[in-house]
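What follows are several structures.
Two complexes come next, and they have one chain in common, chain A, joined by chain B in the first and chain C in the second.
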Partner chain A sequence: MAMKLIGTASLPSGNTSGSTGLTITGIPQTYKDLLIIASLRTPRAGEQDGVGFALNENSSTYAYIGIHWNGGVTNQNTNYESMWAGAMHASANAASLYNNHEIYIPNYTNSLNKSYIQNSVANSSISSNASQLSMTANVYTTNTNAVTSFRLQSATANGLTQYSAVWVYGIN
Partner chain B sequence: MTEQELTYTEYNCTTGETIIRPLTDAERADYEEIKRISAERLAAETAAVEAKAAAKASAEAKLAAIGLTPEEIAAL
Partner chain C sequence: MATYIQLATTTVSGTSTTTHTFSGISQGYTDLVLVCHFKPSANTNQPYIQFNSDTGSNTNYSTLSLTSNGTTTVSKVHTNIYGWYPSPGPGIGTASYLMPWVVHINNYKNTNLIRTAMSRFGNANSFTNVLTHSWRSTDAITSIKLTQESGYWVAGTTFTIYGLRAS
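Let's turn to the complex of A and B:
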């Protein structure tokens, strides 16, 4: 198994106004799987926000099943139809806090509906019960194209904060 | 007040180039639609949580009025 960094994008210092998302394009079709690592934060009011993940920059709905721990309550969710894919910190949390996010997309070049797993954690500086953990398996029901690009953004369209960053690795 | 320009930061793996570009009209419409739907969903979820909390408080008050202790109410 070999792993190679094939792309990265980040929001520089001060680049906060109007920054709505990080996009990776031109993904080579020469690997077996993709691994995405991200560190994200949003200026949205409140403690946390959802991460929006759009394969091929398509925000169409998809389904997921998984465990989401939110504010001391554990939920098992199924068929939540939105571009939601994990949690990130928002403005009420300490400014230094960014989420830890991993997304793994197997067989990204084939012509089947795309699926992925994601793990994310956004711990809280306010209280331990305000932290959010998420582990989900997601599947698109209408997205059979090979993955050539993706975008990470606020699932509620509230933008991303400076220093938010993403790295994508090709896996063989 | 000038409308804020929304942008995407894009990295192209093939060219190695990073650009910051404004959203197209279609992307902007999609983004605003997500924002609208999210706000509606948040308002509905908040209303549901508040209604449930109010119903719980009302039920606890009625139980207390017929003589249950706080410990007995919590044990239900």
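Let's turn to the complex of A and C:
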């Protein structure tokens, strides 16, 4: 085996997700790692929103530390919002502007707490200060269950915009 | 499309594994991706990787790191070290779980180039790091040794190496 597309979801033209966002279920347990690629945008007012990432569709409990760079200033934070996993564009940005998102989960089938890394890039069309390159180290501590599903959503429950999409690859 | 081909993997059990070496690495790919999901036996133990039996008693290895602890972010250059580190300087930090370190080694067999890589390390309780590495050798990488300054890898630690190439 190698790298194989095992799931995808997207919002069709004219559709905006509710607060639940995009969900992938029924993830096979036959791979070593998961690589998640997404292209996301939210109808939230303003330039930017946080991406929420829920393993097994469970919104608690997570911890993370992040580095964020907007081209001029490097910032950092920890546990700013539950499930926080990067940034995406909001409605004040150009209509076709979506973020570029990657999450890597090693050993997703083991019976230990799940720790993972995410990267996202959201280049604002309005202000360089609202652009963001982000990397976070995350851990999900609610339980040690194998990952069988996940959900990508607005961290502030504002939903996702049409054409938002996610692809998940099994790696082995 | 680049593909991940698993070349080798190992899972640690017990409390006696201090080192693991992937040897005989295939030269049939363009890049390597090393995925470590690990925890040292103490948070002061610095893990590191070495190549082709180069033990680092010279200036061959260096790492540039951007490290955040959630409050401050610092950038540092680390030279004259024993190998490539996931978290040079502050140590590995405390965590009750395995921590991911993903290392992308580009052009690992091109003997015209010095070996370089980018990596990401995450301990959600202590640090998140973005790193670049160099090993000042033009030798093709044929083996990778994963070790630490002292101690052992805790049970459940896994190391996996993937080959990438155009399919």
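Here is the rule we use: the second predicted complex is superposed on the first by the 159 of 172 C-alpha atoms of A that agree within 3 Å, B and C clash if a C-alpha of one lies under 4 Å from a C-alpha of the other, contacts with A are read in each partner's own complex, and residues count from 1 in each chain.
Definition applied: contacts are C-beta pairs under 8 Å (C-beta built on N, C-alpha and C of every residue); 3 or more make two chains touch, one makes a residue touch a chain.
Remember, predicted model here, so these are calculated numbers, not experimental data.
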item: Which of chain B and chain C A:A157 touches, first, second, both or neither; value: first
item: Touched partner set for A:Y116, first chain B, second chain C, both or neither; value: second
item: First (chain B), second (chain C), both or neither touched by A:I6; value: first
item: First (chain B), second (chain C), both or neither touched by A:I171; value: second
item: Partner chain(s) touched by A:T136 [first = chain B, second = chain C, both, neither]; value: second
item: Contacts of A:K32 with chain B and chain C, given as first, second, both or neither; value: second
item: First, second, both or neither for A:G21, with chain B first and chain C second; value: first
item: On chain A, the residue positions that both chain B and chain C contact, one per complex; value: none
item: Partner chain B, residues of chain A touching it in the complex; value: 6-11, 15, 17-28, 52, 59, 82-83, 151, 155-158, 168
item: Sites on chain B touched by chain A in the complex; value: 4-15, 18, 20, 23, 30-32, 34-35, 37-39, 42
item: List of chain A residues in touch with chain C within their complex; value: 1-3, 32-33, 63-67, 74-79, 104, 106-107, 110, 112-113, 115-117, 119, 135-139, 141, 171-172
item: Touching residues (chain side chain C, partner chain A) in the complex; value: 2-6, 9, 35, 37, 66, 68-73, 95-100, 102, 120-128, 130, 156, 158, 160, 162
